[in-house]
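In the part that follows, the structures are each spelled out as structure tokens.
Shared between the two complexes below is chain A, which pairs with chain B and chain C, respectively.
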Partner chain A sequence: MLLQRFLIRLLTMAITLFGVAVVVFVVIRVAPGDPIAMMLPPGATDTDIARLRALYGLDKTIVEQFFIWLSGVVRGDFGTSISLRQDVLGLVFNRLPATLELAIVALLMALAIGGTTAILGARERGTAVEAGIDIASGAALSIPDFLWGLVLILLFGVLVPIFDISGRVSPQLDLPFVTQFYLFESIARLRFDLTKDLLGHMLMPAVALALPLAAIISQLLKQSLKEVLDLDYVVLARVKGFSETQVILREALKNAALPTLTLVGVQFTFLIGGTVIVERLFSYEGLGNMAIDAVINRDLPLIQGIVLVFALLFVLINLTVDMMYALLNPRLRHG
Partner chain B sequence: MNASCLNIANLSAVLPNGARVLRSVSLSVQPGEVRALVGESGAGKTMIGKAVLGVLPPSVRIVEGDMLLEGEDLGRLQPKARRTLIGARTALIPQDPLTALNPSRRIGPQMTDRLVRILGWSGQGADARIRQLLDEVQIRDPDRVLKCYPHELSGGMRQRVLIAAAFAAEPRLIVADEPTTALDVTVQKQILRLIAQLQREHGTAILFVTHDLGVVAKISQKVSVLYAGKVVEEAETAALFAAPQHPYTRALMAATPRYTDPFASLKPVDDAVLAGLAAEIAAADQAWRRPHG
Partner chain C sequence: MDDGRISRHGSGARLWLAGGWLLLALLAAIFAPLVAPQDPLAQDLMFERLPPFWMSGAEPGFWLGTDSLGRDLLSRLIFGARIAFIVAFAAALAACLVGSTLGLVAGYFGGWADRIISRIVDVWMAFPPVLFAILLVAVLGTGLSSVIIAIAVIDWTRFCRVIRAETMGQARMDYVENARIAGYGRIGIMLREVLPNVVPSIVALLSLEMGIAVIVEAILSFVNLSISTDDPTWGGIIAEGRLSIHQAWWVLVFPLVTLILTVLSFSQFGEGLKARFDPVLR
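Up next is the complex of A and B:
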């Protein structure tokens, strides 16, 4: 049953990715703006332009271009960036780890904040504590991540400048890293001085990304916890002598978390989407920041590569959530 | 010193709108005795059980009365002390075995957690104890059952598991809230017999909630009849069946199904009886409101 579920998901994934590839490919070619014109100095002759178009394969029809590109992609060749004149795949893999680290730190923050407030709110249900948590999560939710970014920049970058609000790491530092996963590698190498610097840079953008998701997790998890806390097996646990906190953690949390889990998966993909603008705001050198440059420069191969990698990330996240859901739910696991 | 296992005196509870759900309830359960609590749906039987076990819904507030568990005044204890006392001396056999087990935890830890985490037994000791109890409730393959998730067991099996868990810590008092209502008719009899047998062997006092006078006759020594949160009659079980005093009790008996006549249960309670009950309740509320209003 689990295997069948997995195979169906795999097929859907392939179809989704193909669809995304087609749409992006067509849209960025139909949209106004000519990459070649942007590369050449003003006054370039028509023959210069035609030569360059032919060089990048832009003289062929969209359908021809697509299949040339696709046959490259299946061989692992995503083409060459027009603006940076480097291999697209190399560029993407160079930047992806920075974005992944940011997104994962933001997700962990959202889970920690959302989870704690949900548990606290459920334990103190009906009191002023719960009301306070509701108000806070309502506020966090009604402001989107990039506005949180601006608020944080104004607060902690300008008004009380206590945090770094620009870049990924202090430029004067010597970096011993062999991978682009700076944060994870700094921890693995026990270079906590670097970890601290990296986290310091990451904190503000991560908080901006985390707050709306934390609010959603808090509200949804608290609601399902409160529903579960009225169920018979929870009452039975109270009769056994367990405290309300123990009851929530031992009996209620796992069952209440299942509906939240699916939503977190979807919301996490939104969070990754949010990195595009938030990275820009904080000049964080990730994939999202590079995506904006690619769009500004009409760098068609780079845009295609980045979008495809983002799409792959999204379907992988959804797949993971689906599998986790099945694993956590004994009824599904045993068929 | 009063030797009652459970003594409830003048217990009243209200809803947020001020309506009383329990009307000055008094009842006691002596050590080792089965006290049946009988009444129709909505009479407040479950409320009384939950009040004793300290798990009333937050909307229900106790406004008056005392509950003594083996002489300890539950109302005077700090929440934590009360919880621990209730956990150590009481147990609950719930109405619906389908919802009373956590669907995402295996049976084993659900049965041993009170012993280990509240009462401080060793894991091995608890495991041995639980196996002994599973044997007493005639579960012959404890290894399999302990590893199961609840949905892998039938309703009757789950209720056996819950009964075994309830008796495992040798509680002084068990609240059994309609423990057979949710089961198949054939299984009902087995489960009832099982509870009666374990009760006798362990000498546990039981507050046995039911709406079925047939069950009352089989299992209990004493009985309290509840109507609209008020105890309208209390007697030794044999005496009650021999000579019911209250018109409502008589009406209930007339309405109890006989095996030969399945439609007997459809006989409604007499209008005159209901009118008398309404007047009785109104008078009780008036008397109660004077000092409390």
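Up next is the complex of A and C:
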């Protein structure tokens, strides 16, 4: 049952990725403007242009180009970046860890903020505290990450300049890292001075990304908690003399968390999508920032590679959540 | 997620506050040449980075100060509202038309229609939306119509997913079965019986989408990929403000406040309308 579900999901995942590849390829090839012409210095001869077009395979028909590119992608060859003249996969892998670290830190923050306010709101249900939490989460949800980023830049970059608003790490620091996962590696190496610097740079973009998601988690988890708190077994726990906080943490949370979990999966992909503009806003050297540069430079192979990696990340997250849901939900497990 | 009890209490005030701000901004946009105190494009290096009116060094007539080229901020915001509202209305309507139609068809007919439409939605959801928007505008070329098309092409899925789910729920109800027994055709039932029942959701989404369209336009202007003319846009002003943030904070603060108020108003206005028209909540 579970295996069958997994295989079906795997198949739809492949179809989705193929669809993304087709859409991206078609969209890009419709683009006016010759990327080759922009690469060459003025005064380049037609032979030079033709040679370069052949080198990048741009002299073949669009269907041929698609299948040449796709067969490369399947073998892990995403082509060569036109503007940076490096292997696309290498460039993407170089930047992806920065984006993943940012997204994971933001997700953890969203879970912490959303979870805490949900538990607090459920414990203080019907009071001014709950009303306050509702208003705050309503505002946090309606204002998108782009605007939160700007608000944070103003508050903590200009008004009270306590955080860095630009870059991933202070440029003067000597970095001993062998991977691109700077934050995780700094913790593993116990270099907490570097961890502090990295977190100082990451904090504000992460908060900007986390706030809308925190609001959604808070609203949904609070709602499920309130429903569970009226059930018999919870009432029994209360009769046994557990405090309301104990009741929530020990009894209610476990059962209320499942609907939230499904939602967090989808919302996490939205959060990752948001890194594109938030990285730009904070000059954070991640995949999204590179993607915008790639679009501006009309770097076709690089754009294709980045979009495909984002899409792969999205479907993998959805697959993981779907499988976790199937494993945790007793009705599906035995169904 | 939205508690009916709270909606009913708050919906009146919410609707008026949000509607009031939107009306104000819309009127300012329509009558921009009449209400703007200065020419939004006029540069004056004598007046560069003037602070807003309550600070020392302010000049009369430049209420919210000027940017690094000496252009009047208030006038640029008022003229920027034009682009914002044109994009909001046009892009949201286009996305709504495409998405709601496909959602209605997928939800009502089910089967292969549903399978194909849902698969396309899956593919669309696998794109990072901001990157997709930037890519589309880069491909279509900058300009107002490109921005509108890009937003519609990306965000129709929002309507499609919600309307599909709602239509599926409606299609199972007794009144649909009764209409079928009464001899109505399937398309007739879909348009005459099911559609009116999903309209409150469409209206709420439409208002929400207008706010999102304003944000996307601002993001595109921010990365310099919106309309290519000199016309002021909110995102363009924000991009300037981000650069001169340490010299002239007001160039970032005022467009940011304007944008936040507008986005909040669009979402609250939609929720308020929905609460008012939804028979279940009412």
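Simple rule for what comes next: the second predicted complex is superposed on the first by the 323 of 335 C-alpha atoms of A that agree within 3 Å, B and C clash if a C-alpha of one lies under 4 Å from a C-alpha of the other, contacts with A are read in each partner's own complex, and residues count from 1 in each chain.
Assume contacts are C-beta pairs under 8 Å (C-beta built on N, C-alpha and C of every residue); 3 or more make two chains touch, one makes a residue touch a chain.
Predicted model, so just to flag it, every value in this text is computed and none were measured.
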{"item": "Superposed partners chain B and chain C on chain A - clash or fit", "value": "fit"}
{"item": "Which of chain B and chain C A:Thr195 touches, first, second, both or neither", "value": "neither"}
{"item": "Partner chain in contact with A:Gly274 - chain B first, chain C second, else both or neither", "value": "second"}
{"item": "Chain B versus chain C as contact partner of A:Phe314, first or second or both or neither", "value": "second"}
{"item": "Where the C-alpha centre of chain A sits as vertex, the angle toward chain B and chain C in the overlay (nearest 10 degrees)", "value": "90"}
{"item": "Which of chain B and chain C A:Gln65 touches, first, second, both or neither", "value": "neither"}
{"item": "First (chain B), second (chain C), both or neither touched by A:Val239", "value": "first"}
{"item": "Greater residue coverage of chain A in the superposed arrangement, chain B or chain C", "value": "C"}
{"item": "Contacts of A:Glu251 with chain B and chain C, given as first, second, both or neither", "value": "first"}
{"item": "First, second, both or neither for A:Gly126, with chain B first and chain C second", "value": "first"}
{"item": "Which superposed partner A:Ser224 touches (first chain B, second chain C, both, neither)", "value": "neither"}
{"item": "Touched partner set for A:Asn329, first chain B, second chain C, both or neither", "value": "first"}
{"item": "Shortest CA-CA distance in Å separating chain B from chain C in the superposed model", "value": "15"}
{"item": "Residues of chain A that touch chain C when the two form their complex", "value": "12, 15-17, 19-20, 23-24, 27-28, 30-32, 134, 139, 142-144, 146-147, 150-151, 153-154, 157-159, 219-220, 223, 269, 272-277, 280-281, 288, 291-292, 295-296, 298, 303, 306-307, 310-311, 314-315"}
{"item": "In the complex, chain C residues that touch chain A", "value": "1, 6, 119-120, 122-123, 125-132, 134-136, 138-139, 141, 211-212, 215, 218-219, 222-223, 225, 238, 242, 245-246, 249, 252-253, 256, 259-260, 263-264, 267-268"}
{"item": "Touch list for chain A against partner chain B, complex", "value": "125-126, 230-233, 235-243, 246, 250-251, 254-255, 328-331, 334"}
{"item": "List of chain B residues in touch with chain A within their complex", "value": "50, 53-55, 57-58, 80, 83-84, 86-88, 90-92, 94-96, 99-105, 113-114, 117-118, 149, 151-152, 162"}
